[in-house]
Every structure is written in structure tokens, then in C-alpha cells.
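Comments concern the structure below.
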């Protein structure tokens, strides 16, 4: 019996080796642009990763179905599971590179940091809408990174602006409960600068991945009694934070999450008890009745081609954000086509397109996302394109806006961005381009 | 019949003690190395280099280190990821703070830093055995994870905790292309594998194996347990540290502490167990298996024409992975290396039955 | 226990106690706050013990260090919460119980029987493989979302003694109920092991597989029983943890915390799992809240392990574990 098993084991090992050598990759068709989709549908971050991925893929499908592609060029896409792990993200990047991708959106600040090293050499654009390196706003150093819609420094500044409207912050205490990863640590620099400027005391409370152990964190919060708690969590950490806040009776009204900590998977587990929790809305909330949603229903879900397993997911906060990420990618390609013609774009051409994005109010209406985003205008100096957000609050069953639109204060943030970008350029031996000379 | 040794007479002690006494073995190994060094850089695709060969080589070096500790010396360790992190961060700090250092020197010094840390965390092994030791190495893993996350000095005070390795260059020649990186890693790993093979054949290696088999008896016959266990930890950590430095510098390019978390430790332990405890070849076989398996599993559904969502593929991967581990443990608990050895044994007689 | 070893252990506990009260002595922390943390720590320790119980059970009876215990907790909780969407709680509970028994039977048949008498490390790796498999299977069948497990546990905390101490002491009623459930479970298990013939058979098997077989104890059936009981314990742990945190993949990472607990308490002792859990929970929370800010926070991930490591240097077999005698 042992021998037979041994033979089977040996055969299996050889088969694995063989399967790899023989399984060939399907190349993208000649007249198609390839857009890779790095997602995580399993693991502790899946509850938040799944709606984002569905939104992203649905929009790409919509462009193909409704418009016949971008100016006639269809989009080929392929998902790759990263599980929010940096090395798997890098592996996905390498695996999909042979299909000539034009832009990656890794949905992970950690993976973004790793790919920032590789993408410039491979001439591939990194569109990190609402995440990524805050200093990559400086396009003279980070030529291939595009943190569109807003960075974490923007978010930190806007949150401080908002709580300041409730009264001066001098002498007050703000606690930052953050995910102990590049994503969570990103706002610290900005918040420290702001605490010096506004005079509040910043309390830093890291939570180790994946974030289910927060009892000690919230017991500390109960004892320290900060005036506000900023939550910078992801995945399971968000819902756990809100549950622990309930368990120590910290008023949800004083909690503010970043735009990745303010979605349905985070508050629905606590439902009514999470009432009053606030979060940043990156221009959009849980709108599900815009023309684009109607189109998605009509062209995809009615025909059974939708990606989400549950239709109710269409229009949720993270679904919308994934959708917007895809819109920005498509618009970058479209802008590139205006200059380079309606063919299959290369990475360099899409980079030009992303650097010259000009999505104004009229175009926003044409796209069918009226009221869900602010105009985006990128340039070599500003790869972010927009730096605005507002606050939305959970009332137990839905989100609603509770503030006007704030814009991040770049008088404070720009010096920080340039300092950090210069440091990076020095470390890597990159010579920044002169933006004045860029066309 | 293919593998018989008849006709191969050895007439000196040196020839009897050589690494590969049998001519067929020598031919195979040298041919394989020649193929790897000379033919592969020109033949293989970019993807093969970057996604399969380079990680396979680096991980097999780490598996080699772990095999020395677990397979040869019998000390179960679950903290390998943490030691890789020590190597990676040490290399980063050396390269960034002393830019004039040669790359190889950086790797070796990083390995030495990992050696110090490994020896420190190996001290409890003098009193603690078996699974208890495994859990204490987990202490090392989590502590090191936290240390690199919290203490800004290690990451050169980067605000996000992420570090990016400086561009590689060796003796003035920049190493950028995937083939060049592959050659660099291959050279380092070959040298280290040779070193390991000789170490394990020598007195130190025998003291390790004696400690593994029955440490009380080993002590009785005069092998100092302190010496044996600490050298095992030291050598193992050196290998793992160099592997970590290469993982960060050559493969990833930029990393954060989560890149070396406890899952990495388990992955390396799987490699060692499936490849074969106490076998140099086993480390390589195990690493190849673990590196190739997820990729093969990913490609197989599309190759067979069955479209599955990435979530399903991921979950199936986990299930197949777990199932295969159990299967291999049942079929051959001594790993792929043993299968290879049995194959060679059969080849000695084939096509004759006995 | 020899005198020097006993003295060392006492010294260790004295040091621990000193460390526990030091925030009040050196950092000026007032008693009510300290008491809150202590209660919180003890409560979370109970939760760790629940998971550690399963580990100890399986190790006691089959000598296998079951790394898949966390995955079993998650699997049971996932099955329960998804079934509860279709059938009432009691029916779902019964169904999941049957499922865990079936799982135990499968594990015994497919994994344990072929690997009988292999070295400990091989069995450990096999359970690791089982853990990965259960992970994949659970997510494949039931999905990766966070599911709310609502068994009617109260979520709002209770503030007690607010007339004696200013501000009162925060006690989580959910945690108290969990502690009571854990206590009942331990009592039931202790009775099972001490008073029933199956329990005796289990202890015999734990001592020596071959000897037990030679006196006629059916090894395979015993293992199925033991893994089923561990499955039941995993289900209870899953209900308690799932109700607190929501049921999702990451729930099983709690199981890693159970390792320092069994180390402290000894691999083969049920009361050890409880005491170890309490100590680890207490030490963890106290260190995170008072020592953490000095070190930048986030230390509770490794503190438990370092505590267990230091303890092992004094008592390599744990608090209540059996002393291992190595013979040549």
C-alpha cells in the first residue's frame, strides 16, 4: 500500500511540474486593451475587497457592452487574487505583465509601495484612487503613480478641518486607531503636523493585522477619553473597532473613519448600535440611482452578466468606489486616445493620459456619476487631480451626508509632500523632471 | 542498470570522500548546473525568471537554512519569517547607511546579523524541547515583526513603515534585468548549497544529527549540546538571513513587515517537510513544489477550459494545498527527497527485478 | 516538584504579581481603572481558554498537537451562522454538532489512521494541512463575508459599583456570560474524563497508543470520540467568539493565541488550560494598556509568547503538565 501511494505521490509531483510548463497563457486579442484587476476575494480583507472588485469589473464590462469598448477598442481584463499580501500582489503583477497591461490598481497601499519600484521600469501606470503613497502627488518624482481623488494626508487634513468646526481643537485629544501597515501609518505624518498647528494631542493606537484583537485598544480609549477617535482600519478591523467601541460605550458620534473605514461591511454587523458613526465620503456615498447604476442594471444584471452575487451590492459605498476607480482608468485611456489615436494604447501613452485628465462637471454628468465625484484635473505637479471629501454618517440603516465638501489645505501639505518625494528621489537615485518643461 | 556503480573503483581517500562518488551523479549535477548557468539565461522567458526561478532559488536557500535546524538538528522552529526579516532589514540599513559597501558584503553582513539574533533566540533550546520550542520561536517571530514595525530606525524613519531597496549593482555593473538577477541569486545559492552539503557531512553536521536522534545519548558520548544546538541555530539563521536579504532586495524590491509574517514561516516549514527533513536536495524539491503549486493550480482551470472566479480558485488552492500536504505525509513522510532516493535505488536494478 | 524548581516558579509568579500592580505604584493609575483592565483581561483570557481546551483534549487523548483547532472553531461558527439563516437556532446547533462529528470521523479515517505511530512533527504538519483544507472549504461553501452571529447576547456594557468608585467599573455582560459558559463546559469535561469509562479509555490512549490497543481499547473509535468532543468545544468557542467579533476567516487567528495558553498550563491539563488562559489574558491586557504606550503600542501580539517563553525557562513542562523524562 505504501509503495502504491509513493508512486502516486511521485506522479503528482511530476504532473504539477508538467502542468505548469504546458499550460499556456491566452494572449489578449489584437485589438484589445488589457486591464489587470488585482483583487482580494478571500481572507480577512475580503468583506471590503469583494464589493470594490465587483464595482471595478462591472464598469469595465459596461464599457464593453454599452459602448463597444473605449472608442471602439474593447477592454480585456483578468482578475488576480492577492489576499492583500504584498508578495502575492507582486506575483500577480509579474504574471499578468506578459499580456501588456496599461494600468494597475492594486487596492493596497502595501502592494503599491512594492509596485512603485517596478512599474516605472516596466512602463506601467499605477492608478491608486483614494489610497497609495501620499507623496506620489508629486508627479515630478513619481511619474507613474496617480493617487487620484485624494490621499491619506488629504483625508487626515479634512477630518481635522471638520472636527474643528465643532469647536477649537486646542488642548483636545484625538486618538488614531490605525491598522499597523503602510496603509494605517500613512496619515501619521500629516496628523502630527496638524497637531502641532492646531494644538491637539495625538494619541497613536496601532492595531496589529488582521485587527480582531482590539479589546486593549478600546479599554485604553475608555481610560484616556479622547474627544475624537479617527479610525484607519480595513477589513475585519473596522467592524471589530465599532463593536469594541460599543462594548466600552464610546459614543459613535465622536468616531470618524477614513473613506476605507466607512462602508456597509463595517457597520452592518453592528447595525443599529453603530448609529451615529461618521466617516469620510470620497466624493460619493452609497448612491445607487444614478444613470450609471441604471445602465449597469440594464446592460449587465438584467442579462445575467453582473459580477456581484447579490444585486443589492450595486451602489454600495465600496462598489461605487471600485466603479469610480475603473472610470478613472478608462478616462485615462480615453484621454490618451485623444492625443495618440484610437488604437491599443501603450503604458507610456496611458501615463500621458492620466497626467492630463480633465474630468469636468459636464463630463461627470455624461459619465452618469453626477454628484458622486468632484472634477478631476491632473498635471505633472499634481497627480492627485482632486483633494476633496465630505462626511457621511450611518443612521442605523443607511448613509447620509452630514457636511459640505472640504478641500485639503495644500499650504500645509505641499511642503510635506515635496520633502518626502525629494527624500525618495535621493534614496533611489531618480532625478525629478522639471514640470514646467513637461507638455 | 543505469545507475550501477560497478567498474567505478576509488583508489584514494579523497576520491572516496568526494561529494558525488558515483560518476552518474557527478555528470547529472554538473550537467544540471551548466544548464542552469549557461542555457537558462538565454532560453527562459522574463516571466519564468521573475515569478518562478528567482523566488524558487531564494526560498530554497531559506528552506535549506530551516532544514539545517529542523531536519539535521531536530529543533522545530516557527520563527523563520522573523529571521528573514532580520536579514532583509539589516541589508537595507547597511545598504542605505553605508552606500559604498559591495552587495555581496551587504548580504553576508546581513546574514551575520541574523546569526546573532538566531543564536540569541536559540538559547532557550538548551532547556526547552519539541513543540514548546516551536512556540518560543513563534515568540521570536511576533516580536521581530513588531520590532521592525515599531522602531523607526530600522526603516530609516519611513512614515509608512515600507522600505525600498536601493538599486542593485555589483562591482560597478548594475543588475537590473531578470536574467541578471537570476544569475546573481543562482551563484549565491549554489555556493551556499555546497557549503551546507559539506557542513552536514562534517563533524558539526554529525553532532547535529546526533542531537536530533537522541540528545541525551549524544551528551553522554561527549557532544556538547550547547555547541551543537547553538551552531545549528547560528548557521540556519545565517542562511535564512541571507535569503531574507535577497528576497527583499532582488525579488520584492520594496517590502513592509507583513512580507515576513508567520505565514512565511509556515510556508518554509511545509517546504522542508514535503521536500524531506535532513536532506539538501529535499529543500530544493520542497521549495519547487510550494512555489509551483499555486501557479499550477491557478493555471489549470483556465487551461482545462473551466472558468472559475478568482475567489473559488483561491479557495480551491487552499483546499488542494492542505489535502496534498496530508497526502504527501501519508504517502512518504520523509519527503520528496526520499522518493528521489528510492527512484535512484530502483534505477540501479532496472530493468532487472532484483 | 523539587525545591529549587518550586522556588523559581514562586519567584516567577511573584514577579508577575509585582508587574501587574506596578502601574498603580509607578504610573499613578487609580484602582478602579486598574480593576477594569484586570476584569477585561480575565474575561478575554477565558475566551482563549475555550480554544485551548480543544487543543488540550486532543493532545491528551491522541498525542497530536492539533493546529487545526482554530480552523475548526471557524468552520463550526460559519456552519452555524449560515444554517441559522434557514432554520431556528436549536436545529442549527444540532446540525452543526452532527457536522463536527462527521468531520471527526473523516479526520480519523483519512488522516490519523494512516499516520498512526508517526513522529509528533509529522502529525502536527498533518493538522496544519487539515487547517488549510478547512479554511478553503469553509470559505468555498459559505463565503468570505463577515456574518453576524446573533445568539441574543447583550452588547451594551454594564457599569457596576458606580457609587463606590467614581465612574464605576465597566464590565461586559457578554464576557461574563461567556465565562459562565466556559466554566460549565470545563466542569462537564472534567466529569467526563474522571467519571466515565470512555474518559478513562481516553486517558489510557493518551498514555500509550500501543498499550491501550493491546488491552482492547478500540483506538479508532476513541479518536473519533475525542475529535468530536474537541469539535463540540470548538463549536462553543465559535459561538462565543463569533457573537463577539462576527464570524469571518480571521476568527481562526485567535487560535494562535491559544498556544501560549497551553504552554503555560501544560499540554495535557484541562485546569491548566483555564489557568493559563486567565494568566495570559491578564498579562496581555495589563501589558498592552500600561507597558504598551511606553513602547509604542501593539505589544500584545508578542507579549503572551514572551511570557510563555520566560515561564518555560523555569518550568519546561508548564504549570500542570506532566514532566517529560528523557531516557536513553
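Should a chain be cited, it is by its letter among A, B and C, assigned in written order, with residues numbered from 1 in that chain.
One rule holds for everything that comes next: a contact is a pair of C-beta atoms (placed from the backbone, for glycine too) under 8 Å apart; a residue touches a chain by one contact, two chains touch by 3 or more.
This is a predicted model, so every value here is computed, not measured.
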Pair exhibiting more inter-chain C-beta contacts, B-C or A-C: B-C
Centroid-based (C-alpha) most distant chain relative to chain C: A
Length of the line joining the C-alpha centres of chain A and chain C, rounded to whole Å: 37
Inter-chain centre distance, chain B versus chain C - centres from mean C-alpha coordinates, in Å: 33
Shared-contact residues (touching 2 or more other chains) in chain C: 139, 144, 296-298, 301
Per-residue multi-chain contacts in chain B, two or more chains: 146, 149-150, 311, 314-315, 318, 324, 330
Chain A residues counted as touching two or more neighbouring chains: 41-42, 46, 50, 180, 206, 208
Contact footprint of chain B on chain C as seen in their complex: 65, 110-111, 114-115, 118-122, 124-126, 128-137, 139-140, 144, 256, 259-260, 263, 267, 295-299, 301-302, 305-306, 308-309, 312-313, 316, 324, 326-328
Chain B residues within the chain A interface of the complex: 45-47, 50-52, 55, 96, 146, 149-150, 159-162, 164-167, 176, 251-256, 258-259, 261, 263, 285, 288-289, 292-293, 295-296, 299-300, 302-303, 309-311, 313-315, 318, 324, 327-328, 330-332, 336, 339, 342-343
Residues of chain C that touch chain A when the two form their complex: 33, 36-37, 40, 44, 139, 144-146, 148, 155-157, 159, 170, 172, 174, 244-246, 248-251, 253-254, 257, 284-285, 288-289, 292-293, 296-298, 300-301
Contact set on chain B toward chain C in their complex: 70, 76, 124, 127-132, 135-136, 138-139, 142-143, 145-146, 149-151, 214-217, 220, 262, 266, 269-270, 273, 311-312, 314-326, 329-330, 333
Contact footprint of chain B on chain A as seen in their complex: 2, 5-6, 8-10, 12-13, 16-17, 19-20, 22-26, 39, 41-42, 46, 50, 79-81, 83, 85-87, 90-91, 94-95, 97-98, 109-110, 113-114, 116-118, 121, 133, 180-182, 185-186, 188-189, 206, 208-209, 420, 424, 427-429
